[in-house]
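Here come two complexes built around chain A, the first alongside chain B, the second alongside chain C.
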Partner chain A sequence: MVLYLKEFKIKWGMVIDLDKCTGCGACMVACQAENNIAPVVDASDKRRSMTWLLVYQLSNQKLYPDHDVAYLPRPCQQCGHPNCVPVCPVIATDKNEEGGIVSQVNARCIGCRYCIAACPYHARYFNWHDPVWPEGMEKTLTPDVSTRPRGVVEKCLFCHHRYMQARDKARVEGRDPNALAEGDYIPACVEVCPTGAIAFGDLMNPNHKVHQLSKSPHAFRLLERLGTDPQVYYLSRREWVRRQGDNILEHETVEGV
Partner chain B sequence: MEEKKEGPSKGAVVVPFLVGFVAAIAFGWWGFPQLLYSSKSQPLNFTHLNHVQDYGIDCEDCHYFRPDGSYAGLPSNEKCAECHSMAMTSDPDEIKFVEEYYEKGVEVPWLVYQYQPDNVSFSHAAHKDEDCTACHPDVGSTNELPPYYENRLTKYSKETMKMKECERCHAKEGASNACQVCHK
Partner chain C sequence: MCDKELWPAGVQRCSLKYFLAWLVVVFAVLGWGVYAFYVVWSSGLHVTGMDNYFAFGLYIIFDLGVIALGAGAFFSGLLYYLVRVEGLKNIINLAVIVGFICYSGALLILALEVGQPLRSWFGFWHPNVHSMLTEVIFCITCYMLVLTIEFVPLILENRKLNKIKLLHHIAHNFHVIMPLFAGVGAFLSFFHQGSLGGMYGVLFSRPFVFREGFFIWPWTFFLFILSAVASGPAFTMLIATLMEKATGRKLVDFSVKALMGKIAGTMLAIYLFFKYLDTWGWITGILPRAGLTFDQMYYQLAYGKWLFYAELGVCGLIPAILLLVPKTRNTPGILYTAAILNCIGIVINRFVMTSQALANPVMPFDRWYVYVPTWAEWAPALAIIAYGALVLSLSYRYLPVFPQERKLNPV
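Entry: the complex of A and B
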């Protein structure tokens, strides 16, 4: 038992059905708009672009007519054993709050970028430049999300402010804020997905859809053999997609994949 | 024959030390805060007590929770204008509200004593069972609004709650002290 690890009664998790994902990128756009990520002049410039949620294209590397592609949206995996947390020298990132979301407090971050080096999912981004919003666009900022200055690291927080809002609504309505129903709290990417590929809920709550989905024989997690225990699951009925979720060798057989 | 060396007397050492010590304490505890904070008064003197006692208005009529769980905080001009769309008395503050704010469509720039920085998300809903005056000045039982002390360097209010106070109460009440509970 490592000191910083905690057991949670609630674990917010995603199950992303890669067979439903069309790669449209609406989730990426929704994420940027919701989380006050400033637009960049050239988003193909990867030194400047900020993509808390990034859609990757997977290919089975076969020629037509056997060619097949899949799209894989990658938010922060909210690992059960996060690599980013123990390397942070100032506890700017932590996995301590009920719900299991790995926190990132930009006011505390000193910008050493150890966490970026530690994260095997490339889910963290560094602000090399101050964000600039075109004039008038500052009115579209989400008030419950703090903007980040240059020199700090940022990442997906499963739209944590929406979690806070859902808890507040439950409190005002006299419900238990620690027993949110499915759909009370969903991140922006989940809300916007046109094919409904992303399911979101409490992985520990049997009444939530994700609880069952995560136990599906078609479910897998990214780089599972690293032991990071992510709270993001992927579903695919295609074996080659599941095999690309980890660095599985060509002739290797892995149980469950 | 040895000359007897006359060291400085005891008083000559202690007295300058004491004077310097007292001066430093006075500057640190009294002088520096005087320099650091500017005193501001609210744009209008709102008479809480009169509104509550004479007109039977409840606190929650203006400071209420919205159905989505967020907190309205301060009332807008629209709320005040439900009664004060025209001046009903010759009170200068009331006339100022109508002429300078309501008719020009400018919201009253009330000074919030507890205004938190942008990286803090305080939930009023989570603290609704606490006494308001545990954090806010007790403005409801008086007709005077206390002066607002603004830090000249940071521009924050002197009364803004510090993180250690939040943490202490959370620890005492058994609430979570995880970073993202308060930070956004």
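Entry: the complex of A and C
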């Protein structure tokens, strides 16, 4: 049942190479700093933490010496067929802008959390506490990113303000803001990744690296068979890692799905 | 000091002192709930057991439960005013009051549940026509108005108030147009009961609750309507019985209760027929398509398979049989037991669809968590029950709720 589907000429997407990711967490830190995420009251309470981008640890569940792990950074998947968008009763979230980024209008969100229930990736977060920055830290806030009050839902927007900046810059330089070159616009997590595990660009543009990478035989998307059509791809040469990208019945193979 | 002048004509009530003592108990529980409201509104929802995994908790489970159990109001109204099932005349007032309590209580809890309660009106100002929740917001609010309109003439029939000519005429005219409101109420109720189920059914990214269906409505839309009308009449009948136990007086003839039981049993059997089909389709279709198995849907004791068997067997099939067979239905103890099981089964359904659906990990590398409500969730829920007790107590004492009371309790 398709309640909401829209096609775009530009689709901003990520391809994350899990064989390159070391799980250092720099992307998480960059995301928090860039997007004005206040330090949480109790950071040990992981189910109430505010991590728009969260690095999961995957294990092949085998004992040494066969034991292997992988790290999976999980931003919002910016689904092509998002379940969170049609359920919102007040259109506080939408997928309606060229680029295909799922928006979040914080000033309109009533905090019903239906979108959180709808997201199978746990990419949406509720503001359980009033955001408070330690004295002096408020001077480090990113000017282009609005802070959010307690009681609303928030999420990764692929650093949408950077997209706006890149478009403005293109206009000033007399270029077409709808034909940004690779590297004109990249989110903070991509910029900071020390191993270059995260590639970012327009999935529809053959000149962008992500266009080719997303077609790799080692590429997969999370929970693809649910039909959410994410704009975030993962790469791994390890079959057991790809197998954890989706729910697979015993008799099925990754390729078979 | 006596309030006898306010009692309905020809009935006996307990002393005012005794009544006030009972109200003290009720207000104590209410006070605890009001304090919880203050704590949640002033410090935020982090005082609850909800988190980013359990976006919905006891507030929503409680709301879904009472809205289903309050369905006796619209369904009895539909059967009495439009289908003309005359036997329901003797319990229709109570059904309206129970519905009013359930819906107003649910709305109060919703004011706690949303993170930004002052923005609740956005649901009307910026409605998303694709969202089942929008439909719920619209229909529940409108139906609350209908229930209020249905309750007003009963209040105006208070012995003192009814002596005022204007109020007497208003009450009379409201009664005349009541079939219209019964129809409107039934229409609104069908949609919001269904949309509450639809809210879960449309979650295609949550295989635990996702269902296909007819046009824009998933099967859960229709299942929620059927389960509500299966449990609502049973709940109304149980409330009548509870009031009889509490007051020591006969309020409704047993034949009326048996009729409510028959209605509940019939609807429960119809519901279960479709629910079993739905469950079979879920196990053999939706789950394998998502790469999942039936066993993966259950976890330890908190979300174990016992819930499945309890909902569909012990609290489903068994009460349906007991309510459908005349011999068991006409035995008071069995009728009440079956009605209680029926209501428990529907509440388990609402719990499972809410809490277990969210606890169930969808990503293969994710894990199960267990939701435990805190006092800040129990207190408002108990306060709504206390609020219900308050409204019922006042209504019973001062309003002619039960037309048969005088006949059943000769002086």
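In this text, the second predicted complex is superposed on the first by the 244 of 257 C-alpha atoms of A that agree within 3 Å, B and C clash if a C-alpha of one lies under 4 Å from a C-alpha of the other, contacts with A are read in each partner's own complex, and residues count from 1 in each chain.
The working rule: a contact is a pair of C-beta atoms (placed from the backbone, for glycine too) under 8 Å apart; a residue touches a chain by one contact, two chains touch by 3 or more.
Keep in mind the model is a prediction, meaning the values are calculated, not measured.
A.B. asks: Identify which of chain B and chain C touches the larger number of residues of chain A.
C.D. replies: Comparing touch counts on chain A for chain B and chain C gives C.
A.B. asks: Between chain B (first) and chain C (second), which, if any, makes contact with A:Leu226: first, second, both or neither?
C.D. replies: Only chain C; A:Leu226 stays clear of chain B.
A.B. asks: Going by the contact rule set out at the top, does A:Glu98 touch chain B (first), chain C (second), both, or neither?
C.D. replies: Touch status of A:Glu98: first partner only.
A.B. asks: Considering only the touch criterion stated at the top, classify A:His129 as touching first (chain B), second (chain C), both, or neither.
C.D. replies: So A:His129 only meets chain C here.
A.B. asks: Return first, second, both or neither, reflecting whether A:Val15 touches chain B, chain C, both chains, or no partner chain.
C.D. replies: It touches nothing on chain B or chain C.
A.B. asks: Contact-wise, after the overlay, does A:Arg171 reach chain B, chain C, both or neither (first, second, both, neither)?
C.D. replies: A:Arg171 contacts chain B only, not chain C.
A.B. asks: When the two structures are overlaid on chain A, which partner does A:Leu180 contact: first (chain B), second (chain C), both, or neither?
C.D. replies: neither
A.B. asks: A:Arg108 in the overlay: touching chain B, chain C, both, or neither? Say first, second, both or neither.
C.D. replies: It touches chain B and chain C both.
A.B. asks: Tell me the contact category for A:Val90 with respect to chain B and chain C: first, second, both or neither.
C.D. replies: After superposition on chain A, A:Val90 lies in contact with chain C alone.
A.B. asks: Between chain B and chain C, whom does A:Cys193 touch in the aligned arrangement: first, second, both, or neither?
C.D. replies: The answer is neither, since A:Cys193 touches no partner chain.
A.B. asks: Touching chain B and also chain C: which chain A residues?
C.D. replies: 91-92, 108
A.B. asks: Under the stated contact criterion, what part of chain C meets chain A in this complex?
C.D. replies: Residues 44-46, 50-56, 113-116, 119-120, 122-123, 125-128, 130-134, 136-137, 199, 202-207, 212-213, 216, 218, 288-293, 357-358, 362-366, 369 of chain C touch chain A in their complex.
A.B. asks: Give the list of chain A residues in touch with chain B in this complex.
C.D. replies: Listed in rising order, the residues are 91-92, 94, 96-98, 101, 103-108, 144-147, 157, 160-161, 164-173, 177.
A.B. asks: Once bound in the complex, which stretches of chain B touch chain A?
C.D. replies: 65, 67-70, 117-119, 121, 123, 125-126, 128, 176, 178-181, 183-184
A.B. asks: Looking at the complex, which residues from chain A come into contact with chain C?
C.D. replies: Residues 1, 3-4, 41, 45, 47-49, 56, 58-59, 72, 83, 86-92, 108-114, 116-122, 124-130, 149-153, 222-223, 225-228, 243-249, 252, 257 of chain A touch chain C in their complex.
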